[in-house]
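Each structure below appears as structure tokens.
One chain, chain A, links the two complexes that follow: it is found with chain B in the first and with chain C in the second.
And now, the complex of A and B:
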């Protein structure tokens, strides 16, 4: 380092002398390279001024005093810049470290929260979940019960990023620990509510929908905890109908009784579930209305459920001023027999 | 987009008038304001959301935090003049059942 410094200082002096004498472009190009080498080695601006002063004094020992003082003055003026530069350098390094740490965490989250889409005869399932940032605060899961019923969970933690993602693991483990038996959705939400209430900060909460679908009867029993409503698509009438139950979000109050309701779907009918990332989509200043989502779904009715949800997301992605405000999750379940 | 926060204190009433958007970026300042005014016992905190055009779930979290703080400190929280889009958030999440909320009144005064 010391060698480098001395070598470059000498070079600087040589280039300076050359420029003062001939004012040639080559010297200017030379000093540009020296300057870049200094930046690379974290040499601060005031040190460069110092090199300049020393070089000048050696080249012209008879410099008049007031000019010399002015250079000392300049040196002092550069010191704050040097400090600011150092700070930026440190921040840059920290940022790189943080970024890689978060990407490791995001990867780990992906593995932890992985859920398998069940393969059930007569049922076509499509699901997409896209995080607004690196980590996803949305979660969906399928539970296969021994009696053939399927639990469907969709949840959204308030906020985005790391805290939301950590919080979501709690939901996953609670769901995983359920017995593989058909359980009324309000009971499941009630249990989860207590878990979340006990284990989160006061301004954390989770919105969730839990439903149990019976492939044999085509009946969906469901319960909502402050979650975006679901939509039932009746193929015969080509119509979407909203369905939900009233219920407080998870984690706010300890004693909440959740309600239960049910719908029965026929062949080619669909159940559409989503998180608020879908309804809060914006195209510049324009909010996307739910009818627009329906229209897009209608365009892709001929596709499989998985292609459908992907096309819907792609449609929004293509909007000119589209920016994902929140984690976006969309689930479509279609009865095919 | 910014959030303008105006706090007016009158006796045991704190009126917070908001204008703009409440999201993860503008939330910290509002959180601080809530933190201060909800801590006074007997205080009635009125939040005017007439000029709030957008709120995301981070904003909802703030109001839940404020509500819990009023319960602990024996103060009160009231939300007034909510626009449809913002009001819908409180309805979906079931928070309108546990909070004192009044939507914006269209076509004249109450």
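And now, the complex of A and C:
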């Protein structure tokens, strides 16, 4: 360091002498390189001013006293800049550390919230969930009940990022603690509502959809808590129909009764569930219309459900210039027999 | 320790006096121009903190020796409201965001050693040392 400093100070002096004599661009380019080397080694502005003063004194021993004082004055003025520079440097390092910490947390969240897609004959399931930032505030889960029915949960914490992600673990563990028996969706939502209401700040809300699908009958029994509606695709008519039930988002009030409804799907029909990250995709200043989602799904009907959701995601990712505004989750369930 | 000199801080002008004395002592010991400027700035920050938050206090100066090293030790003392969370004020970005200056992290950077003691309602003492290189 000591050597580096002396070497660069000498170089600075040489370039300064050259410039004072010839005012050439080569010397200016030279000082640009020296300056970059200083930055790289965290040399502070006041030290550079000091190098300048020393070099000048050596080159011109008879320098005017008043001129010399003016340079001391400049040095003094640089001290606070030097401090600000160090502070920013430190904050930058902290930010890098923080980013890597969040990325570890995001990885951990992925592992924690992992759910296994059920592998059932006659049923083709595709699901994708991509966070806008590193941590995901959307959640989906599959529960396989002993009677052969499948629980499907999709939830979205209002908000995103770390607080949303932390909150989501709660839903996951509550769902995990359910008995492996078929339970009416309104009962499940009612339970989760109480858990969320008791355990979160009053400004934390979760929208959720819970449904139970019976692979034998093709019947889906469902209940919504303020969540984005689901869509039923009828293959015969090539038509999407919205389905939902009225219900307050989780976490607002302790006692909420949720409603239940059901639909029955036939061969090649689909159930499409999503979070508002899909419907609130933006193309420039324009929010997309739900029909646009349907049109994209139709383009990929020939693919498997998993490829379908992936292609839909890719389409909207491109539309938004690869910068998601919100966590994006899409689930498609197709009856194949 | 037995402080050799001391400046009382009551009004903003006293900050100038505190800087002046510190710079003179630093020069006498043989600190470089850059380090003299750094010590003066550190004193400025300490004195401003007293003036802004504690109303009054003092800064003491002492030339200290450790093995073969010589250093300048500054002690800033006040009987102001105290700092409830020293770790927080030592964090970068905490005091500077409001344009209040380099704050205590700045003092720590300008000097070589830094210690802070504070008690709510009783006051704050900051001891900091710069060693001659």
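In the analysis below, the second predicted complex is superposed on the first by the 296 of 337 C-alpha atoms of A that agree within 3 Å, B and C clash if a C-alpha of one lies under 4 Å from a C-alpha of the other, contacts with A are read in each partner's own complex, and residues count from 1 in each chain.
Heads up, the rule we're going with is that a contact is a pair of C-beta atoms (placed from the backbone, for glycine too) under 8 Å apart; a residue touches a chain by one contact, two chains touch by 3 or more.
In this text, all values refer to a predicted model and were calculated from it rather than measured experimentally.
Student: Just from the overlay, do chain B and chain C fit on chain A, or is there a clash?
Tutor: In the arrangement built by aligning on chain A, the partners chain C and chain B fit side by side.
Student: Just to be sure I read the superposition right, which of the two partners does A:47 touch: chain B = first, chain C = second, or both, or neither?
Tutor: After superposing on A, A:47 lies in contact with chain C but is clear of chain B.
Student: Touch check for A:84: first (chain B), second (chain C), both, or neither?
Tutor: After superposing on A, A:84 lies in contact with chain C but is clear of chain B.
Student: Using the superposition on chain A described above, determine whether A:272 touches chain B (first), chain C (second), both, or neither.
Tutor: neither
Student: With the two structures laid over each other on chain A, which partner does A:205 touch: chain B (first), chain C (second), both, or neither?
Tutor: The first partner, chain B, only.
Student: Applying the document's definition of touch, where does A:250 land relative to chain B and chain C: first, second, both, or neither?
Tutor: In the superposition, A:250 contacts neither chain B nor chain C.
Student: Considering the aligned complexes, could you tell me the closest Cα pair distance between chain B and chain C in angstrom?
Tutor: Chain B and chain C, overlaid via chain A, are at closest 17 Å apart by C-alpha.
Student: Using the touch rule from the top, collect the residues of chain C that touch chain A in their complex.
Tutor: Per the stated touch rule, the residues are 32-34, 37-38, 40-41, 92-93, 96, 101-102, 105-106, 109-110.
Student: Touching residues of chain A toward chain B in the complex: what are they?
Tutor: Residues in contact with chain B: 156, 158-160, 201-205, 207, 225-229, 244, 246-249, 252-253, 276, 280, 287, 325-326.
Student: Touching chain C in the complex: which residues of chain A?
Tutor: 46-47, 50, 53, 72, 75-76, 79-80, 83-84, 86-87, 90-91, 94
Student: List the residues on chain B that touch chain A in their complex, please.
Tutor: Interface residues on the chain B side: 23-24, 31, 56-58, 60-62, 64-65, 68-69, 85, 92-95, 97-98.
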